[in-house]
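My questions all concern the structure below.
Which chain is which? They are A, B and C, in the order written, and residues in each are numbered from 1.
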């Protein structure tokens, strides 16, 4: 059924498509576009030097109700996590992505944190993940799935803490795609996350924490320490 | 209203009911203003917004001119990634494809992200008939599913439901809910839904989502949500099914990025929605989560008939809802009156194109051509022009009522003949002026009940301008 | 460029509604155009811009009406209409009616390019900055949709109204909202149109204005008809009447008292 329908649909589309030139030219044109993936207009707001990009990211992320803590070095991350949990009155139990990038953050310096690794399960309250990139233009995190960064950690727990390094910051979505292409693989899931979950479905007033995390906390590591 | 049985042909009656529905009117009055203000503020914050609208339009035009090739490219990439593409010419084929996947998996429960294509397919009723329970997880969709209603807005499906009605619905349906627990506030209602749906997410066998875009370059499907329900839907169950219509395809990640910049801003006035997710195939070898199967059901349902026609431009639509948020007609009658899946200006164009002008002939006529929809459409779809095209099609088919056609024919005959026109208008206008007397208006006029049922009819001043001009000033060109 | 010369020849396209219902608007328009240094003619052979046919799907008749009217208007330097809707029809839609006829298309485009809505012509083309008129009142100005969105008429009438002595302009809260007229829409979907104009009347009354002004007679008849039906004391007039200082005639929908 699907095969016959496929052929019927494609036949009708071919007849209807109003394009110039012959079939071979058309194929060439689309192959070129797919390969070249030209950029459209990229907003000027994200074309900044590295330092200002960080400020823009923080401002934009906070505008969409994320919280951001800026720390100097990876070694400062565990304390920042502990501080955050204390401030929010959350239990010091973390479900952490098995991400080698996170290992740089001397977790043993915060023995009060109860850390387990793996994908998220229903009962977990707080997750900690890395990020593939931060996109300053809208304060957006780009999270790429993989064995070291399971997607469930981004959505199931009530609180999602993301450790983002300054050198992962880019200005625009397109910059992030270029970085991803440079890795040579398209992950199963790429999540762009801008602030915590929200819904305006009841009387069009926005409230945080619909189905995904109620809190999104970004720990921005500005140096290598 | 049922999706299987459109009520678009009853539009005037539906509209009358809507105008009398006080809860609906309360909701409409408060909600529409917020959408408009937020959109205009978001547009103003981005200097490149208008340029991005142009580019978004051009991207879709280019894609539609090569849509067969881009769909083939998309299919190839999906398959390479271990996913499956199912082509469906109509809703029935699409329903069967979904059912076959669910059956093969022995599925009992299906969670669903918001999908207009699912509404177009009438999928929920069909799954239920076949013993599979569909659970809508978008908060608005969940509310109307419990209430046995259909969406009245494409991005705010429960636009028509008041908070007090949600309280009632949850109290009736959530049997475990402690009667003493207070759920009067929107936030409390949201928490209650979160609690109940969390279980459903975890136990579902299949997750079904829609798609905002299909990316030919990578074989990815894209969803945009604020709640995160779509992501839980497509990440937790063993099987992920994406429902998408053909025109959702765009060439590259860059193209999607350009259009995404205008999507949320036009829809909710957000800079970007909370979650935009690009899904590419099922879980990979080393992955520890994600679906084991990835299916894309590609639905035509009449769209191929629009390609290459004057109506093709409607296929640029990215379902942001800006047209209905700014439509003065939608603003007073809401979405259900339109009688099928898509309300507002986009529905007035899409419904007749997909379910026929005979069924939906009222919709393109129910517009004042105020042009606000086109002014805000991020894809610059000339909605009034497309509605006019449909009116022309209806006119050619003789669909307007006889009185209307005859009235128009007589008027047009005169309008083409200036001398008879002046003669024929002289007497009625003089009479109208005379009989109105000192009042200067009519509260009732024969043959003008449509007008005078709502408002007085201002009387003419007396002789026509052209008659007076001839008399007082003389025709300049006649004296030359 | 004809407007650099001392007296451009301007054809007044009076519009069917002004012609039949409210000639005073036509005379006010002539007065304003003459004040703006124009030689004004009212060419014979004009009836209507054809919108009723065009918007009812009767493209053939709309094209025929345009075909017969175009030669009447073509000789003039400018064509001016006291209506954003009719000027918009000539400017934006007549050329589209002849897309498949090269010769007619040329004529239609040429006419379209020199067709203007009255207040926009006075300010944008003739550089008029003030009028010599007085009106003791607070007016709410309604921007008619076609003028606003097809022709960008918004600041022009306000700018001229500011120069009217004794007059204050109030903006509506929902200034971009259609009044519900929409030509045949008002009679085809009376309930919907009725609610729209009722909301508009609420908005007008909430401004506290004593007078409603707009640049399109169709919208004005709709809004005036609703205001009168409710017993409102707000008077409705075409903006040209105020700008020309012609307020001897009763307001729209009112008689000699």
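Just so we're on the same page, a contact is a pair of C-beta atoms (placed from the backbone, for glycine too) under 8 Å apart; a residue touches a chain by one contact, two chains touch by 3 or more.
Since the structure is predicted, the reported quantities are computational estimates derived from the model, not experimental observations.
Enquirer: Testing understanding: with touching defined as stated, what is the shape of the graph linking the protein chains, line, ring, star, complete or other?
Expert: Basically the chains just string along in a line.
Enquirer: Taking each chain's centre as the mean of its C-alpha atoms, which one lies nearest the mean of all protein C-alpha atoms here?
Expert: B
Enquirer: Find the geometric centre of each of subunit A and subunit C from their Cα atoms only, then give the gap between the two centres in Å, rounded to an integer.
Expert: 53
Enquirer: List the centre-to-centre spacing of subunit A and subunit B in whole Å, with centres computed as mean CA coordinates.
Expert: 30
Enquirer: For subunit B and subunit C, let me know how many angstrom lie between their CA-based centres, rounded off.
Expert: Centre separation, subunit B to subunit C: 32 Å.
Enquirer: Mind listing the subunit A positions that touch subunit B in their complex?
Expert: Interface residues on subunit A, with respect to subunit B: 1-3, 5-6, 8-10, 12-19, 26-27, 29-30, 33-34, 37-41, 43-45, 60, 63-64, 118-120, 122, 138-140, 145-147, 150-152, 154-156, 172-174, 177, 186-205, 207, 209-213.
Enquirer: For subunit C, which residues count as touching subunit B in their complex?
Expert: Interface residues on subunit C, with respect to subunit B: 14, 16, 18-27, 39-48, 50, 52-59, 61, 64-65, 68, 145-146, 149-150, 176-178, 180-199, 221-222, 224-226, 228-229, 249-250, 252-257.
Enquirer: Under the definition above, what is the set of subunit B residues touching subunit A in their complex?
Expert: For subunit B paired with subunit A, touching residues are 27, 30-31, 34-35, 46-48, 51-52, 55, 59, 62, 64-73, 85-89, 93, 96-97, 137-140, 143, 156-159, 161-163, 166, 186-187, 189-191, 193-194, 197-198, 201-202, 216-218, 220, 226-229, 231-232, 235-236, 246, 251-255, 257-258, 260-261, 268, 270-284, 286-290, 298, 300, 304-309, 312.
Enquirer: Going by the contact rule set out above, which residues of subunit B touch subunit C in the complex?
Expert: Subunit B reaches subunit C through residues 12, 15-16, 19, 328-329, 331-333, 365-372, 374-375, 388, 390-396, 400, 404, 408-409, 411-412, 414-416, 418, 421, 425, 429, 436-441, 443, 448-451, 453-466, 468-469, 475-478.
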